[in-house]
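There are two complexes below, and they share subunit A, which is joined by subunit B in the first and by subunit C in the second.
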Partner chain A sequence: MMESRLLRVNLTTGEMRAETLPHALFERWVGGSGINNWLMWEHFLEHDIHCDPRSPDNVFVFGVGPLAGTGSGSGVKGRITFKSPSYGIFGDSAAGGKFPYMVRFAGFDHIVVTGRAPRPVYLYICDGNAVLCDASHLWGRSTGETHALLQQELGDYPSHTHTLTIGVSGENLVGMAGVISDASRIHARGGGGCVMGSKNLKAIAVQGSGGIKVHNPQGMLKWSADFRRRIDANEAIYGFKRRGTLGAVEMYQHIGSHFWRNNQGCLFRGDEVRSDNWVRKYHKYSEVCSADCFIACDGRYKLDGSESPKAAKYAGESFRRPEYLTTASAAGALDVRDWAEVAHWGKLTNEYGMDNQDLSCSISFLMELKEKDLISDRDVAELFGRSQRLEWGNMEDIEACIHDMATRSNLFAELFNDGPYWGALRYSQRKGQNFMKYATYGKGGASFTEEMRPFPTWMNNMAVASRGADHLKGIGLIEKFQRRDLSKRYFNGRTEAADLTIPDLKGASTALIENQVALINSYGVCLFHWMLDPAGFAPEEYYQPAFTEVTGIARTPEELMRDGERICNLEKAFNSRLGLRREHDTICERWMYEPTTEGMYPGSVAANMFEPVLDEYYEWRGWDRTTGLQRRDRMEALGLGDVADVLAAEGALARE
Partner chain B sequence: MSNPPQKELVTGQQWYAPGAEIPDVDQKLYALQNQCTDCNVCEIACSLVHSPEGELNPLLSRIRISHAPSVNSRKATHGFGFISAICHHCGNPPPCAEVCPVDAFYYDPKTNVAVIAQDKCIQCMECVPACPFDVVFVAPDGELLKCDLCGGEPACVEACATRPEMNNAGKQYTRAPVLFHADAKAFRSVMQQKPEKRDEVGMMQAMLERGEISSSA
Partner chain C sequence: MIRIHTQYQSRFREITGIPGETFELEQPLVSELAWKIAGKYGDRMESLLIDRETNELNERGTMYVDSKGRRVYMEDRLTDGETIAFLIGIAGG
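Then we have the complex of A and B:
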């Protein structure tokens, strides 16, 4: 029997209530992000779904899955779910840190926050109890300072203190503000920090000395021993233990998959930003991002100033290693060519608590306009309230922009705080000129700093991901790495999914992998173990015994895939209720029509394959092709009759 | 041995009379400095194997291993230290057992490790300050926690994954876990081993070599 507890917090009234999440909920939604989605769905059955996401009617759900921190060795990921303030659609985001791990020991698996506190507060949870505390002394502080102050304030008894905090950007309701777990891991996408800020909730701090019940501990230990042996024997994972996601720098340089200068190119320039340079000069030690992980791909650096020409300026700075997308947004989108500056960019965006994808694409959009002389110095001065050079790779310039955005202190921040799409649109309207050609974005206006034009599944991901353009909902790894073995395994011996020159089976791959990712996210574990060995660690097969040992819920791989599909369909239903249809599943003009000029696949445009791939995606999902809406028969087959009823009442279900 | 231990027929627990000579523990737990990634898997595994109800809680663990960025270590003199609180299984007799007013310590016949008999323990906590290494822990419910080496097959060692050598200058790496169950000599030889010299295999090379991915269209 799986049972866990949910904490409901109404910030308007200060009322708090603990509830039991029954076994049936785990049977239907697996846990983690699945249950998060359901809790948000239930909230918006009673509240107006079309509400302003920055209003007290929005909900902020935190959740962690049943496998998290059970000794499985597959990492711990917390997940926040909310209606996105920057994109106006479904929003969720995952991160590590020891916060989600500690939440479970404090006696809760999920936290639902509604309303708005009359003044800044933080929520303190300790061993099954919760209390709202005054946060006026934390307001205006960076995420690192807030974390340190809370740790000092709450101490080490009954356990270490772990926190979820927002930075200055969240307080200022910047749309791209994220939530920082334990001062260094960010729930970046969608603007969770803005939602917390709109609720006057500066932080959640947690201490716990309770335990987690595992259905069959011996079985779990046996499973995790096998898991560890496979991980230790895998050479590719061993490389990943050292370099983490930075290993992708070389890989993407090889296949031409970077995002350079607002995606005018797809290769990094200069030789410094490479993972072997990082390992040799900057890496101090490896560590886990959260807990309970056999890989530990995260690391720490401490600059002594001699590493590179620019490092002297940051001597003494210490933070966690930048991830690939931190690097891609700085070294790629903004063309910063020094590791010390890339690392500093990562630290700064964390301290302010902002999504560096949306931020870098907003800045790089303006840099491109400036480079092409589409805006004058006077326009720039109007935007920034001062003269600003907007030069590629100029870290001083970029640092000033980050500060503007976080404090929302000028026109640039006002226009672009919801990301490059909304920024470009507002700026075009203001200037009476169409600059949309230079904005890079996908669904919902979310941006993403990786090249995807030659990769049809990725391009499809960017168009259909429920939380707006994103690779982590339907990672196209079958096609990007040309894995024929996976294509054969999942598509009855067909190999087309691994061939990126044709549109066949690309939409199908997205649908399939979205289901698998939904499962992983609902287990509450990290994606990377599976991503590094997708044939060995299939979430529906390899993880199935672990799920059963922990929860006692017996499942076949087919049933688990259906569970994954059910979770994806609820996310889709949420967006359908908000009025999203086929025409919203789209990507920007640059990706669609402007051919790539370099890399392994020059001359690629997304438009070549976009429509057939999207058609195929809808077909595999069982959704209507013309409208993109869900059909009742498929919903009922997934046990979502009640959701279909809600959609039908609002005209958001496909006509029979 | 002049004073043979008293053996319980049902449980196999060995009890020695006060003042009796107790054989040393040969194989102990050791940790490699600066290899730890702070993943807590050892603590989780420890609490899980010691809990009959399948309850997992790092505060019930009998070892504590963590990063402490403010602490110096021999290798990292500017912070970034490493703390390993592991029972040293002191010799004859262990100070924790020596001070026990109710003689609640028995000895595992296989490993000679002193173990607390929880049904005899009165939770007076005398053993906590008596431990010279501060590694007898107190659980939230008052239970005294001391490493028992899991009867010779420590779960923490089993759970610890292999790590790349940290802080080295580039192209060499070793494959060692953080935790070892070994005698002092064997552990010293691990410590003194030079990291194996080889080209570091990146994610992509490894995948290419295994024929898992292809990078041509």
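Then we have the complex of A and C:
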């Protein structure tokens, strides 16, 4: 039997309650994000789902999956789940590090936070006990300072202190505020930091000395040894250990998959930032993200000032190595051409606790308007409350924008704090002009800083992802890497899913990978362990024994895939309750109609394949093609009859 | 006899120590190119490049594309002067 505990915290009343999660919940939702989703679903059966996400009626759920911290070696991801304040739809976000497994060592797998504290607090959990503590001394502090103060305050007994914190942006209810794990890893997407801020919850700090109960430890260790062998034998992973996701920089530069200057182009400019210099000059220390990760791709830089023309300004600065999307948002969206500045961008956005994609796309939207003389110096002064050049790659300008947004100190921040879509819409309305063709976004108005127009599965993914445009819900690897082997495996020997030039099997691929990613996220392990493919890509097969050894739940790969589909359908149902239909599964004008002009796939636009791919996606999902709504028969086949009843009562289920 | 240019990135470049080179092939086939590269650079390159179970090009975590951005396979024919890039397939972050 899977044993797991949930901590419920009502910040309005201060009441806290520990519960045992029933084994049946794991049978139905696997764990991790699956159970998070269900906990949020239950919350919004009793609270108004149409509530303002910044109100006490919203919920903040933290959870970690059953494989996390068990010695599986597959990395650990914690997940936060909430109604998104920036996009107004389902919201969730993952981050790795040590905090997630320490929550388990402290006695809980999931935490549900409701209400709003009368004054700033932090939640302290230690070996099964929880207490709310005054956080007035932490309010106004950066995420790094908050983490350090909590470590100092709580000490190293019974374990090191690990934290989840918000920065100034979360306190100021900035829609794009994220949540920072151990001062370095961000739950970036959807505005989880804004939700914590709205609850006056500055941080969660944990210490734990407990273990994790595993159903069959010997079986788990056997699986883990095999996984280790596969990772150690994989040369591609050997390279990934030092580069991490920055390994994508060169590949994307080769094929033309970067997002440059608000996606007017798809290649980085500047020899420094498009090279492999990161590894040669900047990578100073390798770090273990989680004690339970056999890859350990994390790294740290420390600038001595000699690395690049701009590095001297930041001499002595040290922080976590930028991820690819941190780099894409600075070197790509904003055309910052110096690695030292890119690294500094990553550090600053982490210190303030903000999603750097939504931020960079908001700034780059305005930079493009300025570049095209669609707004004047006077307009810029009105937006920022000062004269500002607002020019590409100008780090002084950009740094000022970061500060403005975090402190919500001017019109720019007021208009754009929910990301580029809402910002562009509000600004267009204010100026009486339509600037929307320059805004880059997908579903829910979420941004994404990679070139996607040549890749129909990615485009579809950006239109349908439950948490708003994002790759990590259904990353289109079969297509982008043209994996004919996987296409054959999953689609009865057919190879079309790996062919970029045709729409066939792209909707099907989206659905397939969404289900697989939902499984990975519910196991609570790192997506890169799957993406790098040491074990044959299929999480429903390779991880199946590990899941069983840990939980005691017997599952076939087919059943696990159905579990993944069930999890995706609950996220969909949440959005359907909020009124989302087919017309909301869409992307911005630039991606839809404006052809790429460079890279290996010039002339690409999404419109060529968008509708047939979306039709196919609904078909494979068993959803209604006209409305995009779920059908009762498919819901019942997935064991979601109760969810279908809720949808039917609210007119959010497809008609028979 | 045809001449094929190669470009190596990240892990491929670390193993070869060079950004690219030119090979002369008797048969205009990707398979000849792949085995020549593997033979020249040894076990680590062979492990990265070729799936030893199937003797096909390894598709896991790697990507090899021609000048039009199409992935190439062992049985594909090459034309004189073509450039093949050897990349590591990582996305997102």
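To be clear about the criterion, the second predicted complex is superposed on the first by the 651 of 656 C-alpha atoms of A that agree within 3 Å, B and C clash if a C-alpha of one lies under 4 Å from a C-alpha of the other, contacts with A are read in each partner's own complex, and residues count from 1 in each chain.
By definition in this document, a contact is a pair of C-beta atoms (placed from the backbone, for glycine too) under 8 Å apart; a residue touches a chain by one contact, two chains touch by 3 or more.
Bear in mind that the values here come from a model prediction, so they are computed numbers and not experimental data.
Put simply, more of the residues of subunit A are touched by B, taking subunit B and subunit C as the two choices. In the superposed pair of complexes, A:I255 makes contact with subunit B and with subunit C alike.
In the superposed model, A:Y324 makes contact with subunit C only, not with subunit B. Of the two partner chains placed by the overlay, subunit B and subunit C both lie in contact with A:L532. Contacts of A:N356 after superposition: neither subunit B nor subunit C is touched.
Using the contact criterion defined above for the overlaid structures, shared-chain residue A:Q482 touches subunit B and also reaches subunit C.
Looking at the shared chain after the overlay, A:L472 reaches subunit C, while subunit B stays out of its contact range. Residue contacts after overlaying the shared chain place A:G73 against subunit B, while subunit C stays out of touching range. Touch criterion met: A:G211 reaches subunit B, while subunit C stays clear of it. Shared interface residues of subunit A (contacting subunit B in one complex, subunit C in the other): 234-236, 238-240, 243, 247-248, 250-251, 254-255, 276, 481-483, 485, 500, 532, 600-601. In the complex of the two chains, the subunit A residues touching subunit C come out as 233-240, 243-248, 250-251, 254-256, 276, 323-328, 450, 471-472, 475, 477, 480-486, 498, 500, 527, 531-534, 536-537, 600-601.
Every residue of subunit A that touches subunit B in the complex is listed here, in rising order: 69-71, 73, 101, 105, 158-159, 209-217, 220-221, 224-225, 228, 231-232, 234-236, 238-243, 247-248, 250-251, 254-255, 275-276, 279-280, 283-288, 291-296, 300, 302, 318, 481-483, 485, 500-501, 532, 535, 600-601. Of all residues in subunit C, those touching subunit A in their complex are 7, 9-11, 13-15, 44, 47-48, 56, 59-63, 65, 67-71, 73, 85, 87-93.
Looking at the complex, you find that subunit B touches subunit A at residues 34, 37-41, 44-45, 47-49, 51, 53-60, 67, 69, 76, 78-80, 140, 155, 158-159, 161-164, 166-167, 169-170, 173, 175, 200-207, 209-210, 212-215, 217.
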